[in-house]
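Data first, discussion second: the structure below is written as structure tokens.
The letters A, B, C, D, E, F, G and H name the chains in turn, as written, and every chain counts its residues from 1.
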Amino acid sequence: MTNDALTELLSEIRDGSVSVENGIERLRDLPYMDLGHTKFDLHRALRNGFPEVVYGEGKTPEQVGEIFTRMGGHANILATRVSREMADHVLSVCPDAEYNAMGRALTLARKPIAYREGEIAIVTAGTSDLGVAEEARVTCEMLGSHARVTSDVGVAGIHRLLDRLDDIRKARVIIVIAGMEGALSSVIGGLVSQPIIAVPTSVGYGASFSGLSALLGMLTSCASGVTVVNIDNGFGAACAACKINNL
Amino acid sequence: MTNDALTELLSEIRDGSVSVENGIERLRDLPYMDLGHTKFDLHRALRNGFPEVVYGEGKTPEQVGEIFTRMGGHANILATRVSREMADHVLSVCPDAEYNAMGRALTLARKPIAYREGEIAIVTAGTSDLGVAEEARVTCEMLGSHARVTSDVGVAGIHRLLDRLDDIRKARVIIVIAGMEGALSSVIGGLVSQPIIAVPTSVGYGASFSGLSALLGMLTSCASGVTVVNIDNGFGAACAACKINNL
Amino acid sequence: MTNDALTELLSEIRDGSVSVENGIERLRDLPYMDLGHTKFDLHRALRNGFPEVVYGEGKTPEQVGEIFTRMGGHANILATRVSREMADHVLSVCPDAEYNAMGRALTLARKPIAYREGEIAIVTAGTSDLGVAEEARVTCEMLGSHARVTSDVGVAGIHRLLDRLDDIRKARVIIVIAGMEGALSSVIGGLVSQPIIAVPTSVGYGASFSGLSALLGMLTSCASGVTVVNIDNGFGAACAACKINNL
Amino acid sequence: MTNDALTELLSEIRDGSVSVENGIERLRDLPYMDLGHTKFDLHRALRNGFPEVVYGEGKTPEQVGEIFTRMGGHANILATRVSREMADHVLSVCPDAEYNAMGRALTLARKPIAYREGEIAIVTAGTSDLGVAEEARVTCEMLGSHARVTSDVGVAGIHRLLDRLDDIRKARVIIVIAGMEGALSSVIGGLVSQPIIAVPTSVGYGASFSGLSALLGMLTSCASGVTVVNIDNGFGAACAACKINNL
Amino acid sequence: MTNDALTELLSEIRDGSVSVENGIERLRDLPYMDLGHTKFDLHRALRNGFPEVVYGEGKTPEQVGEIFTRMGGHANILATRVSREMADHVLSVCPDAEYNAMGRALTLARKPIAYREGEIAIVTAGTSDLGVAEEARVTCEMLGSHARVTSDVGVAGIHRLLDRLDDIRKARVIIVIAGMEGALSSVIGGLVSQPIIAVPTSVGYGASFSGLSALLGMLTSCASGVTVVNIDNGFGAACAACKINNL
Amino acid sequence: MTNDALTELLSEIRDGSVSVENGIERLRDLPYMDLGHTKFDLHRALRNGFPEVVYGEGKTPEQVGEIFTRMGGHANILATRVSREMADHVLSVCPDAEYNAMGRALTLARKPIAYREGEIAIVTAGTSDLGVAEEARVTCEMLGSHARVTSDVGVAGIHRLLDRLDDIRKARVIIVIAGMEGALSSVIGGLVSQPIIAVPTSVGYGASFSGLSALLGMLTSCASGVTVVNIDNGFGAACAACKINNL
Amino acid sequence: MTNDALTELLSEIRDGSVSVENGIERLRDLPYMDLGHTKFDLHRALRNGFPEVVYGEGKTPEQVGEIFTRMGGHANILATRVSREMADHVLSVCPDAEYNAMGRALTLARKPIAYREGEIAIVTAGTSDLGVAEEARVTCEMLGSHARVTSDVGVAGIHRLLDRLDDIRKARVIIVIAGMEGALSSVIGGLVSQPIIAVPTSVGYGASFSGLSALLGMLTSCASGVTVVNIDNGFGAACAACKINNL
Amino acid sequence: MTNDALTELLSEIRDGSVSVENGIERLRDLPYMDLGHTKFDLHRALRNGFPEVVYGEGKTPEQVGEIFTRMGGHANILATRVSREMADHVLSVCPDAEYNAMGRALTLARKPIAYREGEIAIVTAGTSDLGVAEEARVTCEMLGSHARVTSDVGVAGIHRLLDRLDDIRKARVIIVIAGMEGALSSVIGGLVSQPIIAVPTSVGYGASFSGLSALLGMLTSCASGVTVVNIDNGFGAACAACKINNL
């Protein structure tokens, strides 16, 4: 609740145009919508600059379907971690939703998205990182930033990266996605001046420990100014990148 | 090496104004300066937008002293993780350096710093996080962004944070510094729309495991768009924040 | 074995009303019932104030079915971690049992439960924590305390929590259930004076490490007086809460 | 801020006895005191039922000394993790403070403490756990509950524990402190019906991993209703115990 | 190869009754049998006092079947970690083998087993530990020691254990099997003077971390003289117990 | 790009036989082939001495099939971590590929392989390590080195190893593959003078922690000169061994 | 309390030779001695077959000194983890104690020790393991078993071990002490038929992780029948070995 | 003991030129020298191709001094992990030893070292890795291979590495030393065809976890054919590199 809104409300109470009881209620009455299983925060968009986001894992197809049908008139919706089975159900009740199978993301964009200038570069070390990259790309698009994916430019073939560097440098923000040793963010971090958000992925086996090696590698990157999000969290990286691009 | 520079160099070779041998050498001759123990990259500032940075830990006072005296004429210098003893030595050979004891940072700024508009907010959960906060603040200032520290607004007394929220919201980028459970970044992340960079600190004992609890807490933050740097890495958070503020 | 019982038994031996051989046996004869696979402790209720509890995981449906049919006449029964398949079998042999699918709990309450005054608040950060919350709620009810669940009030939307605070404060004990960074217990801990029992959940991915991040976060909570139980242990939290409510 | 206080303030604004500007300020003006390095929350006692608490680690003797001299007139003070050196300084500027060397706790109690009925039992497995036990005992006393320490009754000599059981059972709440395998809380948990708060300690070597073995052991206790706090956190256990005893 | 055998062989070479070439071969020719996928060491029984043992996991039913049919005439066989499916195959080709489903052990004992005096006690904390207990029991029997299982005497109901103590004390060696906090070995260790071998089990969830909590708890047992084997390793514990019983 | 190539290119530019624009392009134009999902580096063989390698995990059968049909004319191909299902598909579209089921490797060798002199010994501790051994063996063969597998010579039967030692010593490089405690590399390391590459395997259970115990054991080997690769990484060990054999 | 003692006591109560009150007291009155800081269990020797043992770490020199002077008349004493400084103090107040500096053990043996037949072999991998070996040796001697140390026979020089094997085989029980990869217990386990107790040591650096590598290696030993104690726990290994030797 | 030696010995026994008793002894009499605290293996050089190596940590200056004076006539000696204090003592008793302070290595080379052709490149990411690099370099020289150190070419400034690449490529084997994210080995691995041995270092803080991040990063390197040694193990890397160079 902003300062201005508070000033206005208190003035109305003083004027008597809002009763004390009503004032309490309004101070209370925060703008969310309760679906029973989920509380929806309709004004979050205003507050954080984001549309409604649904984390699909741990929800039933029916719950997500209800969210899309009930909320779809009020706001654009992005659902992440959506299995093919869940997508099929939602599409059956909400046919204008769109499913991105590689990124496991389901979107509904009935309201036009106002795109900002400035592109976000999404760079992956290997082809196995593409699922996370797609989650990030779809999220960027839903949040109003254009994004482009450059894939398979891992550090063991440094020339592949150098070859694409000029393209990457055109972006305002760079998301770097890598598993295994996660070294790509350090190398790119030494070659560009843009903010870099690193996403470790759970790609790999053995001492990768489900993404731990990449996570630690990115956190201890010798390139200054690299920040990191959770393992496989393409969505979170995109949120951060869009907040930066919105500046 | 930029595209333009490459074009120019190749043109000069074609014109004969640069010999082939010389061309090879120039393609080789990357712009750094070798002090024996350390290679300095004089043009890094141009490339990354940063002054020279020295990581004090693991270096001798003499090595850092030499860096300050030899490099101080060419670039501003920021040395981090500088002990009191190291600082005393450097100040004895380079008296116009300045030591920030709480942030363990040593700076030399003979060249004027061009400050950008827009402030960076540095918010800490407890007073024990102030050392990391000072490292971040000094770094921001050296990199050309003004920064302000708000301390001791941890989540166990949420009203202390709410009280300072309007101030915090004035910043373009927010650095959140917390040890223990590292929850502050999640709470602030839900209240503001700016990019947030979270710094876990090694403050705490027992199950804090030297910052691991805060690190994991920040990485799994339920507030979308929070990015994380290494434990106690106030410097890295400031680098990232300044790159964002430079946009 | 209490002091009084010991005094009485020894007196009877001295009087000759109990033989030495018999005395040894009675000192031995602790009040449990042996089903072969499981030893049941019929007087545990007296000793600990709890009904019989069965941990379903690792048992066969047949074993649990036998427990319900054999023990159901002697005591109320609460079985936790009961799969749908196990529940179906038990219900087929013991039709008056009740299955709570979300909480994966099976109950049989042929004896009336004497409810204490005072309510237990069960608060969850996200909708994915509801299974653990239901396990806790059912346990509370079986142990004689009323409980109410408030869900989806995680710290990234702090206003949703503040809105429900008055309700939460009406309880005598508060169980806080959260995955990811587990910050909810710290925030509530700073806002109420009741005892708080925190339950980390395995909700999340990547650096959540199956609940480790929430566990560490809750253990290092900056709010004093928060205690913690095992990951996903809604049952244990409820036991502790009821012991407190029984005071 | 309570509901009542809000109602009253809004009524005053409606009446005109409080101006809008003033109302904003009062809603803002949360009751803490700023010492520069530390923000003190004078009304926390009211809100949480606790006196002021200072965590000594990471603070300078001078800072803690200032807190005692500045705050000592307003509230009782408990400082934990206070080294002998820090204690000496504080006692030199605040001679009526008291230092408990074993518990590393410094207290100042100029205001009379109102003790509740009901005792808290503090039980330790070994003599090496006595420091944590003392921290817990002093904290209980400062928070208004009497506490008694029973030490060296670890599970490898179960008869020593059984011998003391009647005494332990007289308490309303039991704090169990143990390092190594932390089994004491399970054994006591099976013998009493009171709430038990377990404190793992960092006593031990090798596979104790600085308290990790005891922590995991207590969290996975087969005795239902045991809750756990951070390693060596005698203070936190006492806070929780007193909150329970206050009911 | 023992000293005596070496002396004899060298004497035979000196006498000319064994040629040099033959001597080399015999020094080489160690007594095992090669099935291609597995090398079998027929004299291991002599050297280590054990029959042939097959670790079923990672082998195909066909491989284990071949071992039983090929080796069954030379030695008794014990196969551990045998699934129901593998057992069915082996029984189809070797009908006199016996399958212990709970202990997942398959045995073939065509040669009479010479039993030593002295019994091994196998004690479990919970019913879920019975699979590991059965693996241990079957192994003991195959190795020539009688074993008896006492189950479900975990420390949270200490009287159940005390009740069975006299029986347990009759054994020469005690195997203690427990998951969760693994405290049972400490308690028994303080009550008996026999050698104790502790087996942590992977029973449990959350902070049990698949047996890690019990493993650490047993390793740090405050009862002196408890030794530990790998998680769920009932076989290894039985081997050690039988080696001791053979003394 | 080698020094010579650079000299030649620059000379051609000076001569005008290559235009500046073309020069830029050629400096850029690195020799790989883009299949959309995967970038192929056709000259990697020249640069690193290896054929094309495909990591099967995380790819679809169709993608791998396309790689074999499209790339098979240009280079030999080795695909690792190939499931039976994936192999079936590839063989249906590329019938002259060969599948090694135990090593889960798929190969296509239309171009003759030039074998170097010198053999690589692959030694395994147990039969369960054979899958990793086969992956290593197939890789060696594809990279131009002959390899021989010696299996089931683990340290608990040291004579089995000593018996095979002369054979093992004939190799130029030794790959040692072991799970559990991984001790085999230390023992062999003390007996031979060849370079040893150790591969920990995920064979085992409990405290093996999916290969961690073997990995740590091999890294801390008391035999000097043992180097280690990732858990189960037979392919990587073979690559290293062949690079050494190529010297 | 044994069965016989219980029978006797109950008979006396029936006979009237022991009053009921007295009987209660005697059942209660467990035979330990309370020094304030430490409870001493004078009859533990009878119950567990051990003399009094003091764990020096975490105690003050004065406390240990008091234990030696007060308890020295009642029982032999063994104190472990005794620093030079602590030893000096104890020797000043109890001059007939003996300090073993390498094993950091302090002993007082005023009562004659009755030695059993049968020797315990203590075998170390490296010279750095000698401290732990000495702790084990002194403990064995105090517990009534002769012990002999064979050092520096690590697996990287297998012939050194084979050379000493006949000596080692003469023992009834073998304690194997090793750091780093801890492989020695597996190799010896395959060569002898005696019970083996393995002690991992914290010798090493890096991936040794303070003994973790050796601990995991020993727990996952491929030699059956090896049991393990805590890192650096020479005392515990000796206790177990003596319990076995006492059979 | 080689096959030839065995043949010869057995022939001598047959001939009677060696008695049976003597034969046993000679089979026993392995060629090492016992200094009490350390067993020295004089023929290890023959067997493994190495001089005598002493690991200084955990030894006293006097022990190392004795080794140098006693063994110095028989073999060259390399002592690693030698503190300045230890070096001073050894130099006082063995003045022709040489101390390399940065590499903490002490050498005595009275016998001429026969150098092989072929150089070993030692490449470090940062200046803080120089200590490990020096340990590796000195070891290489003692083992008969020339080595050259290239330092401070970490991946965050990729051009510094590319600039030195031609030099690095001249070596036969490459040792790559890096802390933090350890990415340097992946980048070099993609640029050269030589065998690469990677050494993670404990340089760094926070999520470096004392070298764990670099260790995991190097083990999961996406460049095939990189092998890894223990954290900070410059000595081990050099041993492996020299074994390779000796081929």
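FYI, contacts are C-beta pairs under 8 Å (C-beta built on N, C-alpha and C of every residue); 3 or more make two chains touch, one makes a residue touch a chain.
Fair warning: this is a prediction, and the values are worked out from it, not measured in the lab.
Number of steps on the shortest path from subunit B to subunit E, with steps defined by chain touch: 2.
Annotation, subunit B versus subunit H: rotation angle of 90 degrees from the Cα superposition, expressed as a multiple of 5. Centroid distances from subunit G, each centroid being the mean of CA atoms, peak for A. Averaging Cα coordinates per chain places subunit D and subunit H 53 Å apart.
Computed from the mean C-alpha positions, the centre of subunit G lies at a distance of 38 Å from the centre of subunit H. Centre-to-centre, using mean CA coordinates, subunit C is 41 Å away from subunit G. For subunit F, the set of residues touching two or more other chains reads 3, 157, 190-191, 206-208, 215, 219-220, 224, 230-231.
This structure has the following touching chain pairs: A-B, A-C, A-D, A-F, A-H, B-C, B-D, B-F, B-H, C-D, C-E, C-G, D-E, D-G, E-F, E-G, E-H, F-G, F-H, G-H. Within the complex formed with subunit A, the residues of subunit B that make contact are 3, 47-50, 53, 166, 172, 190-197, 215, 219-220, 224-231, 235-237, 239-240, 242-244, 246-247.
Across the interface of their complex, subunit B is touched by residues 125-126, 154-158, 179-183, 186-187, 189-191, 204, 206-209, 212-224 of subunit C. Residues 127-128, 130, 151-153, 157, 159-160, 163, 203, 205-208 of subunit A touch subunit F in their complex.
Subunit A contributes residues 1, 28, 30, 32, 37-39, 41, 44, 55, 57-59, 200, 202, 210-211, 215, 230-233 to its touches with subunit C in the complex. On the side of subunit B, the complex with subunit F involves touching residues 3, 6-7, 10-11, 13-14, 16, 20, 23-24, 27.
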